[in-house]
Amino acid sequence: MTVVQVDTEVTTGSPPPPERRRRGVPKSLWNALSVVLGVGVWWGFSLTGFDIPAPPEVLKRGGELIADGTLADDVLASLGRVLAGFVLGVALAIPVGFLMGWYGVARGLLEPWVQFFRTIPPLAIIPLAVVLMGIGETPKIFVIFLASFLACVIATFQGVVNVDKTLINAARVLGAKDGTIFARVVVPASTPFILVGMRVGLGSSWATLVAAELIAAQQGLGYRMQSAQLYYDLPTIFVGLISIGVLGLLMDRVLLLAERRLTNWQERR
Amino acid sequence: MTVVQVDTEVTTGSPPPPERRRRGVPKSLWNALSVVLGVGVWWGFSLTGFDIPAPPEVLKRGGELIADGTLADDVLASLGRVLAGFVLGVALAIPVGFLMGWYGVARGLLEPWVQFFRTIPPLAIIPLAVVLMGIGETPKIFVIFLASFLACVIATFQGVVNVDKTLINAARVLGAKDGTIFARVVVPASTPFILVGMRVGLGSSWATLVAAELIAAQQGLGYRMQSAQLYYDLPTIFVGLISIGVLGLLMDRVLLLAERRLTNWQERR
Amino acid sequence: ACGSSDDNESSGGTTKVNFGYIADFNGASLLAVADDQKLWEKHGIEVSTKVFTNGPLQITAINAGDLDFGYIGPGAVWLPASGKAKIVALNSLGNADRVIAQPGITDLAQLKGKKVGVPEGTSGDMILTLALEKAGLSATDIQRVPMDPATIVSAFASGQIDAAGIWYPLLNNIKQKKPDLVELAKNEDFADSVSFPTAFVAGNEAVSGKADTVTKVVQVLREAMDFRAANHDKAVELTAGLLKQPADAVKADAANSKMLDSKTLDGYTADGTVDKWLKGMGDYFVGAKKLPDNPDPSTYYLGSVFTGAASK
Amino acid sequence: MITIQNVRKTFPIKGGEFVALGGVDLDIADNEFVTVVGPSGCGKTTVMNILAGLETPTSGQALVREKEITGPGPDRGVIFQQYALFPWLTVRKNVEFGLRTAGVGRDERRERAQHFIDLVGLHDFADALPRTLSGGMKQRCAIARAYAVNPSILLMDEPFGAVDALTRVRLQEQLLQTWSQEKRTVVFITHDVDEAVFLANRVVVMAARPGRIVEIVDVDLPYPRTEELRLSPAFTALRNRVWSAVYHQEPIA
Amino acid sequence: MITIQNVRKTFPIKGGEFVALGGVDLDIADNEFVTVVGPSGCGKTTVMNILAGLETPTSGQALVREKEITGPGPDRGVIFQQYALFPWLTVRKNVEFGLRTAGVGRDERRERAQHFIDLVGLHDFADALPRTLSGGMKQRCAIARAYAVNPSILLMDEPFGAVDALTRVRLQEQLLQTWSQEKRTVVFITHDVDEAVFLANRVVVMAARPGRIVEIVDVDLPYPRTEELRLSPAFTALRNRVWSAVYHQEPIA
């Protein structure tokens, strides 16, 4: 055996990472600090003469919108749309992503269109959606649905492709057929991917809300921002942005909780 | 040992999946079929009185736009923006996603804002971008950058969290420090996730193009579609949509090729 | 604010100017003409034009210092009125707006309870509001459905809405699908109370700080206006070239506005007609709650700069 | 009755193909206990994968009861060299997996699963997730899972590789006992020559480059096999014969 | 000099905690060769992870040369029970990994890597990806990787578990030979009692529930250890002593 001389200093630097997470300052405290910092930056910008409203102004406007019930109505309307579109999108994306990952034919047929529609801006979908679905809730939910579906289907597909072959083989030799393998191996094994898809899809759903509410919305956060934009009413726009951001953040937290429950079997750092 | 009687019929149904992909009709043939089908559906729609132009009409307009050089200019302008924004977004997302996955503090500080901005529609960013960055190329690229960054950072983060702990331990005991572990273990191991992020991010980049080119663009596919909307020039809009779709598809294919090279070490179905 | 003496621009060299516009005949024709006729060079200005899709974004850019001049349609006139910018010249009177309805609806009064599509904050919105007022209906008497302009085309053509406030050239596309649609109201119906002016604006600072540049630009605009008035077809052709649109479409578009020339505008400025237009717009905006009150037009329309440019 | 006829298996590699199996012929009678030994990389796992229906031969064919193998089936239980436990299922759920697939009712399923969990000594870890198990415990869980569906053919790839000596002996005895009580066909891969001889009716010795069978040793020792048998001269003779069949090959793959 | 002082390790589990190690004390002298045997799940891997710096003791402490272990370091090479190869790197690149980390130059790196690849008999697979390797070949690759950085302490968790008999003997001999040429500390986990006795200065016998050391057997056999030694009565006596120390525990975890 050849002698190989390698630096053999004992590493004393960093403690093993699996422990690192558990001790020290809790994460929520950093979150809080981060929010405070962010608001500080915003305030700073608004003071240095940029044409954006300062936090108190936005707070005041928010108070008004809460007081007269507008905000509550808008939030309810938008939340309903986003939830419906998002849930439908995810519910369809998982089986479709599976089909695409599993069956070459499905992949060949669906992939060009999934890819194609992913690059089409939601704004361009709207006229078509109106023609096909009228101006009720359907086209609005459809546009959101499309956004979350497209983000999620790609992730699910990739997840299916990445499932450890050994596990699929193990299920097959235990007598599982495609359906069972899908439901009891592929879905759990690709949960981490699907969750990426859901989180990205959730973001897209909210981000598409403004476009969706261009279609004949009577209320909703996107609509409110849209009309505030015409009125150059920056405080209202900021109230809308913050409401959307906070709602999105909350829904994301729910997803994270779900993730922790669903993937607690994983060895993770 | 207790006797357990289980159905013991020999499965003859499906051949083993690893083989299935290699034989039979090649995938590109299904792709082609799918495109033909899709165009057929479109043509059908246009004939049944829906307010959309038929393929020949769009083809003709496309020919005109190619002949006078407009399409080439637009494509170049848009491609440049999308590429710049996308590349910057991905280049920043990977280290940031790593930081978030690796260091609790970074995660605590960054996550609220990443989540927040993910839900903000690009349309709402535009006035802000103009105020902060003017009307040159910067704000346009910024809007696209943001879209791809946000899609990619979440995926990278999830990828880092999902890296097999054993591999990280293996690298640590071989003397690797955080930087090396990042570059030589975390990045390759989370490549499948990062690629999901890049593919979703690429879609978002193109989908944001129209919004980005609302900002004083002199040319570009998004701008062309936007101005065609002023005259409700549907054939031009369709030429734009198709160009975006095809370009997006091509770039996606390049990513897929990259993926095949980068993750050919994986056992995959 | 005009005529300030702290003008430190050299009168000899060229001045750089960023000019925003919207890609339709109203917005682009003067720039097309000025470019073709080398009017900028003549006045020692090096112009760089930037195309936008709406007025408010241009005003944002002006206030961020990225743009010196811009073009706004009637729907955005409340922005200068609320002090965000100054109008340096009027351009045309919009004549393209209509309230349209599906066949069978013959009267504005029949809109009661109907679904009416409207692109909020645009001249389509304005004409609808005026029309309802005239018919004695309140905003709540109809089902107001806010949508963006292109969506109105498809929604109306496919019968999803009963009526709409919309304008040419979009209306041409609807007409192709619904040749028998009914036009219930047009701009001229309200000529005595409100006109729909389009205008060129400049930033508040530019007007006070770079009066000389403003004057030169207004001179360019004046000369271009007169050329446009005298050579309508040529102007259409030049604009179509700039916009890369078929000349027919631009011609149809041009037919829907009343182009003004500098003489007429000088007269209207002097006799208060312009103030009357703006006052009328202001009343409308106050009614629409976009403005808290209706300011004196002289605070945001620089009539003396416009007319003053003629003598320089 | 398993028949392997002139099976070749090649894998595409950079610049050509790698011959993992170059013409393997083997007949295994019903209820026979066959062990396979051979140096690392000689194609043992590849043979097993073909029998399991997870790989198809490049040429030649593999038959079970005269029918060509076209895919995996619950008649052939498999224990993988890498455990292949479902990481999201507890030990109990892993063991129950095949029973659920076969439509066994809840209560019966639970009972059977418990039986095999007890058998491999994981009773206290029935509700633990795989990631909390040690290497040997994972392997025992995989064994319980394969046993639970009671397949008529059992394909075992180094099943006792990570198991400690005591458990190993116990599991060997259990395996033989079950096998003699309710006969079934067992194909058992191991790299332990003692184990191969101790368990088998026949020991198949393979060699590498290309993977092939070099010798088949019949083990004419009576069942039940006991600890004393391990010390008998007959056993030692067979063991040495197999050993030298493995040894006198080219050293390592 | 490795010192383990009253180390306890518990893992949180549903409804309480699981005591993986309940007070382990052990001193290992420099250049000693210590093997650890014990039933599956008794905490062998846990001890090794603590020495490697990959787990921290719940209480008590582990020291290397009087310094508390706070993380992994290149002075302690580790071979994992599950191979832990980087699947995206070829065999050669895997073996070179630690050398690159240590900043060894290109040519030297290549040369050293080749040496260890040859040693474990993977010369023909130097440019293959792990997924194309058999189980035993993966493990041999992991061995080459750990050897290549030449650590002063070598922690080996069942390194020869999936390796065939011949290669195993050869690797054992190689390991001992290297060890006697350039002394280093080796902690070697195995479930093979013969192997434990054959290699060690001292055999540490562990028991489960809670994980603890039940006996330490000194092996006073001379080095070099030869195949004849395996048949000597002294070896057999020690082997039996260790065997019964493992055996006369509660059977399985």
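When the chains are written out, they are named A, B, C, D and E in that same order, and each has its own residue count from 1.
Keep this in mind: a residue touches a chain if its C-beta (ideal position, glycine included) is under 8 Å from a C-beta of that chain, and two chains touch if they have at least 3 such contacts.
Everything numeric in this text was worked out from a predicted model, so none of it was measured.
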*asked:* Considering only chains that satisfy the touch condition with chain A, which of them also satisfy it with chain C?
replied: B
*Please state, in steps, how far chain C lies from chain B along the shortest route of touching chains.*
1
*Computing the C-alpha centre of each chain, which chain sits at the greatest distance from chain D?*
C
_Distance between chain D and chain E based on Cα centroids, please, to the nearest Å._
26
*Chain centre separation (chain A, chain E; CA means) in Å*: 45
_chain C and chain E: spacing of chain centres that average the CA atoms, whole Å_ = 82
*Could you check chain B for residues that touch two or more other chains and list them?*
6-7, 11, 13-14, 16, 18, 50-51, 127, 131-132, 166, 172, 175, 266-267
_Quick check on chain E: which residues sit in contact with 2+ other chains?_
53-54, 71-74, 82, 98, 102, 149
*On chain C, where are the residues touching two or more other chains?*
60, 63-64, 150, 153-154, 157-158
*Interface residues, chain A side, partner chain C - complex*: 51, 126-128, 130-131, 134-135, 214-218, 223, 226-227, 229-232
*asked:* Quick check: in the complex, which residue numbers of chain E touch chain D?
replied: 11, 13-14, 18, 37-41, 44-45, 81-82, 120-121, 124-125, 127-128, 132-137, 140, 157-158, 161-168, 170, 191-193, 243, 246-247, 251-253
*Provide the residue numbers of chain C that touch chain A in the complex, in ascending order.*
56, 60, 63-64, 75, 79, 82, 84, 115, 117, 120-121, 145-148, 150-151, 153-155, 157-158, 160-161, 290
*So in the complex, which bits of chain C are touching chain B?*
20, 22-24, 50-53, 57, 60-61, 63-67, 149-150, 153-154, 157-158, 169-170, 172-173, 177, 243-245, 249, 253
*Tell me, which parts of chain A touch chain B in their complex?*
6-7, 11, 13-14, 16-18, 20-21, 24-25, 27-31, 33-35, 37-38, 50-52, 101-102, 104-105, 107-113, 115-124, 127-128, 131-132, 150-151, 154-155, 158, 160-166, 168, 172, 175, 177-178, 192-193, 195-197, 199-200, 202-204, 206-211, 222, 225, 229, 237, 240-241, 244-249, 252, 266-269
